[in-house]
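Chain IDs A, B, C and D follow the sequence of writing; residue 1 opens each chain.
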Amino acid sequence: MNFWTDPIKVLYDWLMSLFGGWGMAEPLANTLVTLLGIVVLITIALVLDIFLVWIERKVVARFQGRLGPNRVGPFGIFQPFPDIIKLVIKEDITPDGADKVVFNIAPVLSAGSVIILWAVLPIASRIYGVDLNVAALYIIAAGALGTLSVIMAGWSSNNKYALLGAFRQVAAMISFEIPMVAMLLVPTILVGSMSLNAITQAQVDGVWFFWLSPLGSLIFAISAIAELGRSPFDLNEGESEIVSGYHIEYSGMKFGWFYAGELLHAFTFGGFMAIFFFGGWHGPWAEEYPLLGAFYFVLKALFGYWVIMWVKYTVPRIRIDHMLAFNWKFLTPLSFALLIVTATVHVLMRDAAFWLYVAAMFTSNLLLGWLTVEILRSYTREKREAVPSAAHH
Amino acid sequence: MIPLSWFLYLSAVLFSIGLYGVLARKNAIAILLGVELMLNAVNINLVAFWRMGNLALMTGQVFAIIVFAVAAAEVAVGLSLVISVYRRHNTVIADELNLMKW
Amino acid sequence: MIDASQVIFLLSAGLIVVSAVMVVSVRNLVHAALWLVSTLFGVAVVYAVLEASFLAVAQVVVYIGAIAIMFIFAVMLTRRDLLSKSEQTNANWVWALGLAAIVFVALAFIISGYGASLNRLPAAMPEGYDPISALGNALVSPEGFALPFEVASVLLLAALVGSVYVALNKAKE
Amino acid sequence: MATETIVWLLPLPPLLAFFLIVLFTNKSKALSHSIGVGAALLSFVGSMVVFFRALSVEHFGEGEHIFASSIPWLPTGDTFLRVGVQIDPLSAVVLFFVAWTILMIFLYSVGYHNFGQPKGDHDHPGLPPHGATVTDAHGHKHTVLSVEPMYSRFFAFLGLFAAGMYTLVISDNLLTLFVGWEIMGLCSYLLIGFWYAKPSARNAAIKAFMTTRVGDVFMLLGLAYLYSATGTLSYREIFYNQEVLHHLAETSSHVFGLSAAGLIALLLFIGTIGKSAQWPLHIWLPDAMEGPTPVSAMIHAATMVSAGVYMVIRIFPLLTADWHGHDLTTAMSVVAFIGTFTAIFAATIAVAQNDIKKVLAYSTISQLGFMISALGMGAYIAAAFHLVTHAFFKALLFLGSGSVIHGMEHGVLHTGNHHVDPQDMWNMGGLRKKMPITFWTFLIGGFALSGFPLVTAGFWSKDEILADAFAHGHWAILITLSTAALLTAFYTMRQITLTFLGEPRTKEAEHAHETPWTMTLPLAVLAVFALGYGWVGIPEHFPGLGGLLPNWFHHFVGATLLEHPEAVEFSPIPLGISLLVALGGLTLGWLVYKDVKAGQPDPLQKPLGVLYPFLQNKWYFDEFYAFFVIKPMTWISEEFSYKWMDRQLIDGILHTVAQTALWIGSSLRNYFDKPIINELLGDKLGAYWTFQPAGRALSKAQTGRVQSYLIGAVAVFLLVAAALYLFIF
């Protein structure tokens, strides 16, 4: 065992012996090391967040045919630092009518609800915070805290637009939580465990779950985008109607927390996409060399993040009623149907040859997707045909 | 290691506070908040007894989950009733809803 | 000697009790609902201490993610009473306080009556025992609790339909 | 996949298809029929896998050598109600024909409902399509067949029907059998009344539903009796358990001197009388021809009526529980009588029918009578064999007649003369040249029905029934069934001759047209079975052929029973009889009808005299029921129940009670309240002044505040709890 094969263990042993050498009792040292680990993990996440600001700005610019930041540092890579300095030195305003305590807690809760997700992320083999046996549900629980922070921010601002934005966001988050939970159940069914480590390991030993449930990964991606409140589902901000939504009254670093939380959230969901459907840290030699696995993981998460951005800067915002109808009338029934199909095929085929099992899963997903498209087509065809005759009357 | 009685005392405290909320608060929504506290107190007991008893017997946890479901149903129906009442009488103060007074 | 789990328990119990008192005493109902969130979070921690991890997480998802949010929505939808700065307790609050106290004393009396038998400590989790799969099996196996589970789901469905019906604004039609 | 798993899954695809089509795809015809046919195909493949796996099991059917699996379903106190599936030899062969015929009927329906044709000009949902006008490349207008407006709905119902039949076949207990049974009852109602805008279809649907309901009520009684007597409804625990059977046979039911077994079997058999259209509940089946033809094939060949016979075959051990081999028990005699009578009775009616489908309807009743009769005299294998062969050739005949009607409709659209009934055989003739595939397949089906010697399946199965009757010396049955068989051959040849042979008698018949491949392919497939299926059941000692193929069917299905039935000894007499009646009937039919010209009356009309209208009007059974059942019922409900019971007796009692209460109230007021309370106590003694403050004080407790009441409730609860704690524990 050396640093390259199990870095966390090596570091842990080293720190324990170090603290022990200082004459510290073992439980105390253990607690201290754990706390240190938490701090380091959060720091890494936040440093990554700074990097994400640059990526986001650069990618937007490219989508819009611009260059993006290019003055500070090579390719403008140090642009986030001036950004942060600006945010920090801005006046920190708390509106008069605001509910001060709630107003100040909300941004912390918002960023915190994202950061606690990192506790369960298996970044590489043998590198993770905790191996929680209900991790898939834990993600939803953290999302619930996010919902809470939004409504707290919206309400405490004492501003109509903020409250409207918060209502919209909460409506969206609660509705899209349902297909998302259903799709989290797909890997759970396939593995028989909600632990993210077990889910990743199952994909390392078998195939990426994308091949078992392509439709599931698509539904998960859509509902994740809605959970994040990113375009085309960014009704919470809706500049043209409600100015800036629930964080309209926030300025300075308080706004910064919302902003940082959103970016990190998007990246983290990219990571979850990777874990649930694209093998997590799986890649060549990743099992032996965890740092390589961490590299793969970040790469995959960035890819997921990039897809989310791609969608965001390509697709225009839709109307709130369309969004909710889309969820309740289309995505939710479809995700339940997929769940039933997945469970049935899994139970029926799990004893068959592996390639047969994969083929059955993949085909059943495609079939369901095809059927859905056909059904939608037959409905819209009727609607389309009905339009000209309606115009006559 | 925490003895069973700690949980029971905690649950008793929580239950009594919830009961006070139900009996004393004016606002119908606040009454429902009190009910939630009482339900949670019960749940603490159920789970504690599961943990201290036979681990293989899942009755405690299953009951807790059913209490969750009941709580969710109760809140959904209760709050919709409150909102419906609010639309009709423009109040959610329980004392003002005294049509049944002699 | 007090150990780590006891510290966590005492901290969360303190959080639960303080928040619960705030829930029933603060004037601003949104604050009351937020204090409820904090109470429920404390209860989730208690579940975690009891190693009922599924319930702990489900507590957060169901109570904080759904029930508390619903409360906050309802408070906001009935805003007239939210703004009133009047007393939030009714005339009988002294009686209520007295009764609640009696209930607590009675419960404490009964609990203490069992004496040492309640000082039982939790047994260690057997190696390889997964309470989550045990719970899942208990919920869906006909020998277990499939029927109560089904009944609970029917109840939820009925509540869904019923609350939509009750809260539907019929004046518009 | 484990065979048991497949068996569990068999009813699922059609059921899912039903829900999918109803909920989602009903807007798209192509999608709906793809789902419907696809589901039928899935179930078919599954059934074939199960069937061939069953063939490969040695000693299949004996003891534990079956496919069975069951799960606890509902906790009933300490025990569980278990449901499950099982495939034994009997259900395996039934599954075989059910899967084939259902798949063929699904495929056929695509063509029958004119998929791919344009929408009709004046078509309405609930009416058969009337045809559409199209303009071809040269600007000529043509009238062509139009697509069924409720196409998707048809496949949805058909799917549910198939799911019901599969459920029934794979069931391992009478309860789930009954579930499937009732699903089919519902579907027959929905499908017979498929063209619900036609009053006749509506009435036929209601008639079918109500008539079968009569049988179902008795069947449910039988189930209840069986459950209370044995505490289970599982086949294995009742029919394969000598102790239980013996116990049931020994127990007296106190009804007509029947044993419990006999009474239960008869009650269940009444369900079959309704479902399989036996006399006297046969009246719904001919009317059911109002449904689309694939439905007729589905109900009358593949599924529903077969289900009735299948059930009697299932309960055969119960029916014969106290039978020792020779003299028939009371229960068996009843069954045998009803079957035999139905066989001859329906055959006579079929002779005088003009509607091509009505002939087949009565022939179905008659053939089912053959099977029931065979069961009644203990010929288990023969009944099962005839059930299977009949399903094939009757499905073939129905689908063939649908094809004929379709061809005739083509002619009707061509000439535009809508007064011509495309189902009346007198309007046909000479169709063999226009519709060759339909002709040849119909001929095969007809010959199988008549029992044409050696080459057709119907010959072998019918011969076995007659041989059984002969071997056990049931002369009356033998003679009656032989006559029925003669009539069968006669009316079949009459039908073939009138429809296909000779010259066209109308212009429409001249312009008839062969139907698309989706319709002719099922005909061809079924024709193969109508010919070939008989070869699996050739008696072992049959001259010449017997040794070639061992009597596979007998050995395979015979293993279902605890005591394997013995094959009857070969005798040339029943063989001669069946040769004679089959060939004689066919020849007679051909001779009588070969020269019929257009406008000529039925040649039978003269020789039969008054008998002819009697037969044509179905022995006046509908009129009989209308007069003796429906009229009295209407009278009872109208005059007795409504006018006398409800309005006079019950309302009268209620009114009296109300009047009495009023009287008591006013008396109290006038003689107690006013004089004593008000005047004496109140005014004279002045108690008024004490009552009022007391009332005032008490009314304060009635605050209308829910929480005050709750405080009271909690206080009382605490007091009671304290009292209980202190004094009891």
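Simple rule for what comes next: a contact is a pair of C-beta atoms (placed from the backbone, for glycine too) under 8 Å apart; a residue touches a chain by one contact, two chains touch by 3 or more.
Small disclaimer: the values here were computed from a predicted structure and weren't measured.
K.L.:
Please tell me whether B-D or B-C has the greater number of C-beta pairs in contact.
P.N.:
Per the contact counts, B-C leads.
K.L.:
Report back the single chain whose CA centre is most distant from the CA centre of chain A.
P.N.:
D
K.L.:
With centres defined as the mean C-alpha position, give me the chain B-chain D separation in Å.
P.N.:
It comes to 54 Å between the two C-alpha centres.
K.L.:
Could you work out how far the Cα centre of chain B sits from that of chain C, in whole Å?
P.N.:
Result: the chain centres lie 6 Å from each other.
K.L.:
How far is the middle of chain A from the middle of chain C, if each middle is the mean of its Cα atoms, in Å?
P.N.:
Chain centres of chain A and chain C, defined by C-alpha means, are spaced 28 Å apart.
K.L.:
Distance between chain A and chain B based on Cα centroids, please, to the nearest Å.
P.N.:
33
K.L.:
Taking each residue of chain D in turn, which ones touch at least two of the other chains?
P.N.:
In chain D, 705, 707, 711, 714 touch at least two other chains.
K.L.:
Could you tell me which residues belong to chain C and also touch two or more other chains?
P.N.:
54, 58, 66, 73, 90, 92, 95-96, 99, 103
K.L.:
Send over the residues of chain B in touch with two or more other chains.
P.N.:
In chain B, residues 19, 23-24, 94-95 touch at least two other chains, as defined above.
K.L.:
All pairs of touching chains, please: list them by chain label.
P.N.:
According to the stated criterion, the contacting chain pairs are A-C, A-D, B-C, B-D, C-D.
K.L.:
If you look only at chain B, which of its residues touch chain C in the complex?
P.N.:
1-10, 12-21, 23-27, 29-30, 32-34, 36-37, 40, 43-44, 47-48, 50-52, 55-56, 58-59, 61-62, 64-66, 68-77, 79-84, 86-87, 90-95
K.L.:
Can you list the chain A residues touching chain C in their complex?
P.N.:
Residues 27, 31, 99, 102, 132-134, 137-138, 140-141, 143-145, 147-148, 151-152, 155, 163, 167, 170, 174, 177, 192, 194.
K.L.:
For the complex, which residues does chain D have touching chain B?
P.N.:
Its residues touching chain B are 699, 702-707, 710-711, 714.
K.L.:
Write out the stretch or stretches of chain D touching chain C in their complex.
P.N.:
Within the complex, chain D touches chain C at residues 71-75, 80, 705, 707-708, 711, 714-715, 718, 721-722, 725.
K.L.:
Sort out for me which residues of chain A touch chain D in the complex.
P.N.:
So the residues of chain A touching chain D come out as 348-349, 351-352, 371, 374-375, 377-379, 381-382.
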